[in-house]
Structures are given as C-alpha cells and as structure tokens.
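A, B, C and D are the chain letters, set down in written order, and residue numbers restart from 1 in every chain.
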Amino acid sequence: MTGLLLAEFTTTEKWVVNSFWGVIAVVMVYAALRVVTTKNVVHAALWLVVVLAGVAVQFLFLGAEFVAVTQILVYIGAVIVLFLFGVMLTRASMGDDETVADEKRAMAAVVGVLLLAVMAFALVDSFDDVEITADGPQSVTTVSDSIFSQYIVPFEAVSVLLLAALIGAIVVARQD
Amino acid sequence: MFATLAAEAVSTVTTVTNDAAWFLENAWIIPLLPAISFALILFFGKRMPYKGAEIGITAVSVSFILAILTGVAWLDHRDHFELEKYGEEQAIAVSDGAASATDTVAYTARFVAAEAGEGGAHPYVAVQSSTQWLQSGGIEFNAGIMVDGLSVMMLFVVTFISLLVHVYSTDYVGGDRRYTHFFAFLSLFTASMLFFVLSDNILQMIVGWELVGVCSFALIGHWWEEKPNSDAALKAFLTNRVGDVGLLVGMITLFFAAGGGKTFDTIKINEAVVQGGVSHTALVVAAACLTAAVMSKSGQFILHTWLPDAMAGPTPVSALIHAATMVVAGIYMVARLYPVFWEGMQIEGSSINLLATVGAITVVGAGLLAFVQDDIKKVLAYSTVSQLGYMAMALGVGAWTAAVFHLFTHAFFKANLFLGSGSVAHAVHSFDMKKDMGGMRKFMPKTYVTFVIGSLALAGVFPLAGFWSKDEILVNTGGWDLLGGSGAAPGSYTFHFVMGMIGAALTAAYMTRCVYLTFHGEYRGGHAAHDDHGHDHEEDAAHGHHGEPHESGPRILYPLYILSAFSILIGFVNLPPGFLAGSKKDPAGWQERFLHFVEPAGSSYFPAVGHATPSWSLAIVASLVAVAGAGFAYYYYFIRLDRLSKQLGESLVAIPNGITTTNVFARAGHTLLVNKYYFDHLYTGIIAGFTKGPLARAANWINQNVIDGTVNKAGESAVQAGQLVYHKIDQAVVDGAVNLSGRVSDASGEELRAINSGKVQNYAALMFAGAAVLAGAFVILLAL
Amino acid sequence: MLLNQFLLLAAVLFCIGVYGVLVRKNGMLVLMSVELILNAVNINLVAFGTLTDDVGGAVFALFTIAVAAAEVGIGLAIVLLMYRNRRSIDLSEADLLKG
Amino acid sequence: MDPIAGNDWMLTALVFAPLAGALVMALFPKEEEGLHKQLALVTSLITLGLGVWLLVDFDYGSAGRIQHWLDKEWIEVIGAGYTIGVDGMSLPLIALTVLVMPLVFVYSWDHIPSPGNAKAFLMLMLILETGMIGTFVAQDLILFFVFFEVVLLPMFFMIAVWGGEDRRYASLKFFLYTLFGSALMLLGFLALFFLSADSLGEHTFNMVDLTNNAGMGIARSSQLLIFGGMFLGFGVKVPMFPFHTWLPDAHTQAPTQGSVILAAVLLKLGTYGFIRIAIPMLPEAAEAWAPYIGLLAVIGIIYGALGCLAQTDMKRLIAFSSVAHMGFVMLGIATLTDFGINAAIFGMVAHGLITGMLFFIAGSVKERYHTLEISRLGGMLVQAPHLGWILGFTAMASLGLPGLAGFWGEFPAILSAYNPANGLAEETFRGYMVVAAVGTVLAAGYLLWLLQRTAMGEPPEEFKNDPEITDVNTFEWIAWTPLLFLIVLFGVAPGLIFEVTDPAVVESLNNCLQLPDGCDGVADAAQAASGG
C-alpha cells in the first residue's frame, strides 16, 4: 500500500513536491539545531526523533521506502528508546546541562560553518544541475535480492558486529 | 814502530781470512748481537749470576772484535781492491783512480800520484748489501748495510767505547736497584747506534736516529724517581723530536728530488747530487732542514739546552751517549750526505754558510758557558757542545776529514774525561766541584793523571790527539792563508777561523779551571755525607766510606788507562804530510792514513773536496794560543786563588770567588766591605774576570732564560693553547652547537605538549578543523 | 527534484552534528550529535543510490543504520560505566590521557 | 677486475657466527655468568678460526680482485642484493676485528663493569662483532648501510647501561651524531643508485659495478653533493675535526671493553667507507674534495694534540690522541695516491692495535686506582712495574717510534703528502706535510708528559701502600701479549700488510685519478659525449 502512495507522489506536479520537501527540510534543520542547543537532555532526544522522522521522509522522496521504514523502525524505535533509558539511568543533570565555555562554542561554530561552506561550495560546484527522478520506488524484493547476492559478506559481518556489540554492552555495563 | 806493527796485523789477518769481503758483506751481525743481548737481558737478565751485565759485555766485546776485523778487511779492501772479486754491479762507485787533479788542488793530486806509486790508485768503493724490506705503492723500500771508511771508523769507536763503558758501569752502577734494566738499555743503545751507522739508506737512518733518541730518553731518565731526572729525559727527547721534524722533511725532500726520484738509497742520492741532477732549491731546503736536525741531535747552539740537562743520567751514559756516540750522530749524518750539504750550502768558494756559522757560534758560546758551571759534568757537557761546534764548523767549511778525524779523537778523550769525572764523583758522591771536591790529587792520583791527559788532549797540546785534529780544522777553514799562511782550503772562512782560535783558548782555560777546582787546593768535601743532588743509590750509601775519598776500583781505572793511552796515541793516525819527513824508508808511509782510509775521495758519491796544505806556522800559533789560555787560567787559579785561600785560611769555597760573584752587585758590596785587602784582588778580578765573568753569565742568562725560556714557554703556550682551544672552541662552540640542537628540540616538544590536553572534544575539533581546511584547500586547488 | 537539495540538506545536518559533538559536555548529547552525523551520511548514500539507480546505496544505508545502532549501544554502556565510576558524565573531566 | 667466487658459505658463516653465538647465549638464564663468558669466548674463538681460515684461503696473488664473491637476492623490490666479498683492502681490517674481539672477551673474564649482567653485555659485544665484520665484508651499499647501523645500537647500549657517570648524555650524543651522519650517507647512496643507472644500464647498489663505473654519467655538481653526503656520514665516524666532539665523551663514559672496540675497529668504519665507497665511486668529486679533507685532517692532527695537552683525564687524553692519529690516516687518504692510501690502511690497523692497547691499560688503571685523574696518579713504575713499562712501550708506539707499528702509519702518510695525485695542488699538500711533521712533535709531547705524570716519579700518598695496586694479572697478560707482539711484528715487517693492501688499492684507484691532469671535467665530458 505504501508503494502505491509513493507512486502517487511522483506523478503530481514538481513544484508541489518541492515545496513539501522544503517544509520537511526546514523542520529537520530546526530540529537538529534544537538538538544541539537545548539545555534539557530529554528535549534533545525528542528533537532528535523529529529529525529522524524527517530523514525517513527524505528516503521516501528518494524512493527507498524500505530504508525509510527501517529508519523509522530501528532508529526512532530502538535508538531513541535506548537514549531515554540512558538518560533515565544516569539521572544526570536533567535540566541544567549547559555547554562548554563560550569561546569554545564560538570556535566550534566557526569550524562547523567553515566545513559547511566548503561542502556546499563543492556540491554546488559539481552537481548544480543534476536532476534526480525517483522513478519508482525500489521494491523490497530488489533490495533483498542485492543484499543476499552481492552484499552477502557485509551482511554477515554486520550480524557478527551486532552480536559483538550486544555482548560488549553487557560486559561493559555489568554491575559487579 | 806502531806503523809496522799495524802493517803486520793487516797482512796476517787478511791471509787468515783470505776472503776479507765476508766481513764487509756481513757487517750487519755487529748491530744484531747487542740487539739480541738486549732481548736476553730483558727476559733473563734478573736470573743471570751477574744480573745481565755479562750478556751485555760479551755481546759488545764480540761486536768489537768483529768491528776490528771488518776494519782490517776494509783496510785490505781499500788497498788491494780487485775489480773482478767484487764484480761490476757491486762496484758501484768505481772511479778511474786518477782524481780530478785540478792543478789548484795541488795537494790532492800530489797525494794521489804518490798513491799511484803503489801499483795503481785504488778506487774508493763502499760495500753495500741490501734486501727488500717492503714494497708499497710501487716504491721499493730496502734495508741494508753500507760499509766504507766512515762507517768502519764509527763501528770501531762505538763498539770500543761501549765496551769500556760496559766494564766501567759494572762498578759505577754497582748497587743500583735497576742494574739489569740499565744494561738492557745500554745494549739496545749500542745496537741502535750501530744500526744507524751501518744504514745504507736514509729511511734506515731515520729509524736508527729515533731509536737512539729513545734509548737516550730511557737512560737519562734512569733514576726517574726524582722529577728533575725525568724532566731532563723528557726535555732531551722532545728537543730531539723537534729536530726530527727537520729530519723528516729533509729526508722526504731528498727522497723525491734526488736520485731520479723515489729512492732512499744514500749512494744513489749522493751520486745524483754530485752529477748535478738535482734542483738547487730542493737541495737548499733539504740542507737547511737536515741542519736543523743536526742542531737538535748534536746539541748545536739553538737546540743545545738539553745536553747539559742530560747530565742527570748516570755518568757512563753521559760518557757513552752524550760525549762519544749519539751526539755525533748528527755530524755522521752530515758526513754521510756530504754532497747534499756541499751543493746545498755552496761550501766551496763561499765564506759563510749556515752550518759553519752555527758551529762557530756554538764553539765560543759553549766555551764561555763552561766557565760558569760548578758541576763537573756540566763543564764537560758544555765542552762537548763546544767540540761538536768545532766538528759542525769543520764540515761547514769543507774540511770533511778534519771533522771526522776530530770526531774520532774527541770520542776518546771526552769519554776519558767523563769517566774520570765519574770516578771522582763516585768517590765523593757528588758532582759539585766547588763544594765537594778539590785536592783530589792526593786521594785519587791515578784518576788525576788520566784526567789531566784527557784535558791536555782536549785543549790541543802538542803531542796529544786534540792537537792534530783541531789543527787540521783550523787549517782547513782557509782563514789562515789570508793571514799569511799557505795552502788552499775549499773556502775562505776567516770569521770561523777566528772563532776557532778563541774556542781553542777558551777550551784550554776552562779545562785548567776544572782541573784546579777538582784536583788542586785542599779537599773541601769533608762532609761527604751530605750529597744534596748527587745520585744517592741506596746500596751505594750503605758501603759509603765517609772519611777520605779513595781511588776507584780497577774496573773504573782500566778503562781510564786505555782511553788515556788512546788520547795520546790516536793523534798519530792522521799525521799531516811532511811531518815525519825524517824516515826515508817510508816517506809517505804513515802520513794521512786516516784520510786515505776514511775519506771517500774520488768516489762517485763524494764531491771533490779540497785539502788545505797544513802549515807549520798555524800549528805553532794555535798551540801558543791554547797554552796562553791555559797559562792565564793556571796563573789565576793555581797562584792567585791558591795563595789567597791559604792566606785567608778558609777553603776556596768559603772565600767569595772573584770570578763568579763580584758582578752580583749586592754581594759585591758586602765582600768589598768585609776585607779591604780584597780590593786589589778585585782589579785582577775585573781585568781577568771581565772576559770570563759577565760575558759567560750573560751567555748563561741568555741561554737559560731566552732560549730555554722560549722552549719552556713554547711548551706552556702549547698547553695554554690547548686549554683555550679545548675549553673555548671545543666545549663551547662545537659541542655547544650540538647540545643547543638537543635543547631546541626539547623546548619545542614542551610547547606542543599542551595541545594534548586529554579532552576528547579538543581532538575532535582539531580533527574536523583540519579536515575542513584540507577539503577547502583541495577544492580550491581543483577549482583553479 | 535536484540532487543537490538532498546533498545540501545532508551537509547542513552533518555540520550541525559536528557542532554538537564539539560543544556538548554531556556524554549522551554527544552521542546524539553523532547520530545526526550518521543520518546525514545516510541521506547522501540513498541520494546517490537513487541517482545511479543502484540499490547498493540503500543497502549500504541499511548497514549504516545497523552499525549506528550497535554503536549507540556500546556508547551508552560506556557512558553508564563512566557515570557509575565518576558520578558525572561530563566529558571535560575525563582527561586521564593528558600528555 | 671481475671478482672470484669462492665457496659460498664461509664468508656468511664468518659474518653471522657471532650472532649465532649470541642467540645461543640468549637461551641460558642470566645467573650462570661463568657459562656466558665461556660461550662468548668460544664463539669469538670460532670466528677467529674462520678468520684465520679466510687468511689462509685468501689468494694473495690476486689480492686486487674481490674473492669469496657471493651475490644472492635480498630485497628484490629495491634491487638490493646480499652481495659480499673480501679483497686486499678489507682483509687486514677483518683480521684486526676478528683478533681484537677474543682478546676483549678474555679481558672481560674478570672485568665486567658496574651493573654486571654479563649475559647482556657479552651478547651486545657479539652482535657488535657481527656488525663490524659485516660492514667490512659487504659489497652492496644497502647491506653496508645495514651493518653500518647494526654496529651503532650495541655500542649505544654498552655506553648507556655500563658507562661512567653521565653516560646517558654521552651515549645519546654518540648515537644521534652518528645517525645524523649516516642519514646523509644514505642519501648519498640513493643518489648514487639513481644517477648511475643510465650509464650502468640498470639500477644497482652493487659496489663492484659502481666502482667500475667510477662516477661516469653523473654530473660533476651532483657528484660533489653525493660525495658531500658521504663525507659527512664517514667524517662523523672517523672522526674528522669538526665532527669529533662525540668521541671524547663516548670514550670517557664507555666501559673499557667498549672503548677498546670503539677505538680499535669502529673508527675504521669511517675511513674504510672513504677508501671503499667514496673515493673509488666518485673520483672526480674526491679530487675536488681532497684538499679540504687534507686541511681538516691536518687541523685534526694539531687540534687533537692540543686537546690532549689540555686534558686532565687519562682516557679523554687517549681519545683525543686517536683524533690526532686518524688525522694522519685521513691525510694519507686525502693524497689520493696508492702510496697514501696504503699508509692509511696500515695506519688504521696500527692505530687499532696501539690505541686498543692504550685503552686496555687505561681500563686496568681505572680498575686499580678507581680514578683516571692524571694529577692523582703517579709512580706506576714503582708499584706496578710491568703495567708501567707496557704503558711506556705503547706510548712510544703511539708517538710513532720507528721499529713499532705506529711509525709505518704516520711516516708514509707524511711522505705521500709530499706529492699527491696528479690533479691536486702540490704546494698545499706540502704545507700539510710540514704541519703533520710538527704534529709528531706534539704527539711526543703529550704522550711522554702523560707517561711522566702517571708512570714516573714517586707514587702519591693516596695510593702509597694501597694493596689493590697489583701488577698485570694473567687474564690481562693473555689479552695483551698478542697486541704487543703484533705492534712489534708490524713495526719490524710492515711488508706483511703493505703487500696485501697494495694491489687492492691500486685496483680501486685505476680510474680517472690516474690521468695526467686528474679528473677535472671528466664526468661532464663523458656526459656531453653520451648525453649529446
């Protein structure tokens, strides 16, 4: 069903899609800014949820709906919950976590802006008029075929990685 | 009588060993024996019954006998030279007999003609045999021996005197703790001196030259416990090393310039020089450098300061090394490489050259210094320096035979004097004439007689050896014929002639002073117990006879007798021609024997040296001058001072001796007050003393402070320069730079440490900043 | 739609994430910023995947998500441990490795 | 001339025998010091045996050609081969190394320095021996460089761990100084590797090819630079005048065994480098550099002598004296004549024996008097006569007394300075000759002054009846007699070494140095001809 919905997307006029995309983008950027600037840790986690949802929508725009779904499922579902657990367990400075000293922030901001400028320049310089057409959502079958044919090795590696991470987390966080 | 005896000896010996040539070729055994004895003494000396002395003595005596046989073989070889026996290649220096009879050199021509009378003139051929020692870079170094008149004469002198000194030392060095050690080095010295004398190439000469220097270092420093002794040894060796610089440079110049280049062989070098194949500048440089070497080794004026100090060694050492053998090494080297000096210094026909002038100055300078010495050995040391000056002057003026003959005679009577002084000192345990001697005539009559004979020979009194050799030198200076004498010497060296005459007078004077102070007047050495700087050998003091000194034992006296006999008779070996005109039977028989056998006249490696005709008038004038000098000193000492000391009742030492003290104004004032009578004595002191006192002391002052001072200062300044260079440049600058680089890197490391602050975020920030800058640069570069 | 839109968006997110990592003292917030960075990367991946019609981009995005999840797990465990030892998860104090 | 291939394994065995010994020693625990000493001695004796066999097996007729040639693959990618061989030039130095090491092991039987741990000390020395023999045997630039560096490390540890008071400073300085030099040397090797490729047809580090090529095809200017790099690398090791400051510190702080090996063999690596690599491979640059090397050598002689006069510590004095001696060796090399280089090699061997002996004596004096302050020493001839006389004998040998080995190192060097190779200015070298001759006087000065102050005179109060001042003991006798015997043997019969080195030196110099007016412009001319 979602495949149909998305197909619908592509056929409507261009500018509608673009304007809709713009809104999503702005929301995402604002949420990201809030994540890094908010005093309250839980607020930061919640703003992070907004950003991740935005990313999922981007995936939809790009036609990778399986990835979008995974994104929502894994990222928002598991990672944010983990974060909240973490916050709860550490009961740390719920409210009053302020950032590092001012001139450090200024310096970090400068670094960020510098990085952004360089990347923006590079991107604009090389891809300025490349059109992208999400000419049909990649069905789950194509994704799963490629995973289990071409990328079987990385898949196995990731599985092992996840297992290791699991055990590692347990060992690290053990009480005794 | 003597002549006939020698002639029989020659004939009998040659008949016995018909192949006399064997001795000439295998002369290398002579130096080998003492070398082996050195090794034996070193290893087994301590365990031998006589603690090594007997090995030394046997070795030297065998060498002595061999030396005599080689000498006889040479006499035969020189007189009955058969070309075929030696074969063409060996007879290198065959000359056609008739010397270049230039009419001006009437004398040589006449002589050669007379010579021809005996069945053809016999060319002078040195016997040389050498083997290859090493070959490097295409250059052959061979080692070998060269036997000719000069080396045979030296062989005889060295082995003879070394044997006597060995016998003498068995008694003199008797109780010494390092008795064996002493004999070991005595043998090593004899071996290296013989090795030096026999060497046929200049490289071997350098080796021998330095080995002899080391042995003298070891022997002077025999009692190295006391600092002055080891100082003296060090000074001797270092001054010789200074001379060796000249030797090295001179020999290297000769090596490359002479003999078609790249040969050390003496004969080839001499031949090349005689034939004029060598560039003049090289010869001048070589001659100058080698003169520097002579000045250091043979104690010529500028570098002579080590010789008197070398008296710190035991007396037999002084007798052997610093009188007879080692110090004449320089003279021998000049005689051996005479063409180099003949061309280098233009000896012929000029009136002044470096070698002669240095010799002349040394003659007079040392003579004056001998006056002021209180130590008997120092007097003899300065007299040796003066006589060496004579030899150097003789060589400088072209009188080759006179110099070599003087070397020959001087060795005997100087050794005699030294051993005599040793015998006296041995009895009195001190060398100080003024304080501990005097009146020894009564206690040691035999030593007195031998000492007087030696002094007369040294002074050049008529029948004795000194007269003949010194007279020969004076004639050959050529100065005499300007003053109306006769005979054409190679050059006209009037200045040197005058200096020679003054020297003769001075020698006679100071020897008389020395004889008086030691043997005449009354014995001052009653308190023999105190011997301040005498060499108190422990054992010796044990059997010290405190009371009156008595005559030395036979082992000391017999060498003295032999040497005195030689001092008397040896002079006759080289009588000037026409002297024994009397005996018709053998008109030329016994004249000029020394010249005939020793001088390589007419051989290809020797320049045509002219001989001045000995003139009677000069002989008489010279001896008169000597007698005058002696008489004057005799008058002053034997009569004035003797009567004065008897009159005043104290011994000579107590009264302020007019000569040496009046000129020290402070004390002079004191003495003047003490005894007015003394006043007229002062007059004679002024007249007589002036020439001897201040002049001598000034010379001594110059010598001690100026020359010796500069030598010491050179040493100290080298040390200071060393300190300066070491501390300032080495530590501060060069080392400093290195440490600085270390410190700089350390400091910069310190700053950078701060960045590593431990805060993770800083690292992240830096990383991202870096990445950003890099990306930016990359992008911009691409965009350009 | 322009490809650049997505890439620019990803860039902005990336820079904000970097800023967050540099600025935040609290361990948790730093991890969150890291998540931001990873998401920005994912957008890029998928964008290029669709541009070249190659499903590889998306697959790789999936793998990134998996890795990110593991990473957060471990990160949180470490933060917890730090909290237990130091009672505070303020990064600026943890400078044991000071040179 | 082309090298002769001998049996393959012998030379490699000679090089790696000590290393094998060290490894065997590693197996045993530290406690059994006795066992370690025996093992070390046995290993060095085996190496000595191999060395003697090499001496016997060496074909003296063709000493000029490289024998026991072995050329195997090593590092294929950079073209560095495991090429080794021996010829007249390296044979005496190998013999010296192989002889000195057993003596050092005998000496260390009861002379292990302060922190003990004989096992590590002896193993380091064995590794050192491998490095030294390897350097003399290597015929490939990279192999040479590797062994050149291998030598550095054990010596650094020997000084740093077993040294004197401020050993840390001394060892660090020694290590960094030599490393700095060898870095530049490596640059030189690489430049040589690249630049001589076109004229040789292929890139190679093989020394024989590079020597035959003799710098052809390399522009004069780059030849000068390459030679400069090598000059620094070897100059530091020699040590030449301005780069010598590490030597006195290293010697004063090093343990006796370290000093002996450092003086006897390590200094020779530098000079060997000159005559094996720098001069034969870059003759034109060598000719351009020769006057300056000569100047530095002569300054070294006088500077070393002045340094000695200013010293208060006996070992530091001997260290400065070896700066002066190496000055003579470098003067011999600077003349670029076969006669001069023969003198240099002889000087190396003689200096090795004599200064090695001097350091042994200094070590024994330190062992007895616990100080090397010359002012406090004295009267050695009274208390330990044999030790005193051996010091006297070695001092005489060191100041160049003829009839002992020292003379044949210095005199021919001075003699060869009189007429250097064709392209060199004779006046300057004759000036050097005179200064070197004066240097011999200064040498006599400081050595005899040392002898007088330490050996002669009465023993000072401090050591008057000190029971510890014993005379030479058996181990010292065993360690020293071969050295003393050789000093006399080479003094009397110098031909033994000259015959061996002469053909090899003539072989290494038959390049443009033999042309009537030397090598000026030869490389550029060849370049112009070939390059066009």
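The rule we apply is simple: a contact is a pair of C-beta atoms (placed from the backbone, for glycine too) under 8 Å apart; a residue touches a chain by one contact, two chains touch by 3 or more.
A quick note: this is a predicted structure, and the numbers were derived from the prediction, not measured.
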Chain closest to the middle [Cα centroid of all protein chains]: D
Chain centre separation in whole Å, for subunit C relative to subunit A (CA means): 8
Geometric centre distance via CA averages, subunit D-subunit B, whole Å: 40
Distance from the mean Cα position of subunit D to that of subunit A, given in whole angstrom: 70
For subunit C paired with subunit D, centre-to-centre distance based on mean C-alpha positions, whole Å: 63
Subunit D residues counted as touching two or more neighbouring chains: none
Contacts with 2+ other chains: residues of subunit B: 761, 765, 768
Where subunit C touches two or more other chains, by residue: 18, 22-23, 92
Listing of all chain pairs that touch each other, if any do: A-B, A-C, B-C, B-D
Subunit B to subunit D touching residues, read off their complex: 132-139, 206-207, 210-211, 214, 217, 221, 224-225, 227, 230-231, 234, 237-238, 241-242, 244-245, 248-249, 252-253, 255-256, 715, 718-719, 721-723, 725-727, 730, 734-735, 738, 742
Residue numbers on subunit A that touch subunit C, as the complex places them: 14, 17-18, 21, 25, 28-29, 32-33, 35-36, 41, 44-45, 48, 51-52, 55, 58-59, 61-64, 66-67, 70-71, 74-75, 78-79, 82-83, 85-87, 89-90, 92-93, 97-100, 104-105, 107-109, 111-113, 115-116, 119-120, 123-124, 127-135, 138, 142-143, 146-147, 150-151, 154-155, 158, 161-162, 164-166, 168-170, 172-173
Contact set on subunit A toward subunit B in their complex: 100, 104, 107-108, 111, 114-115, 117-119, 121-122, 125
Complex contacts: residues of subunit B adjacent to subunit A: 761, 765, 768-769, 771-773, 775-776, 779, 783
Complex interface listing, subunit C residues touching subunit B: 18, 21-23, 91-92, 94-99
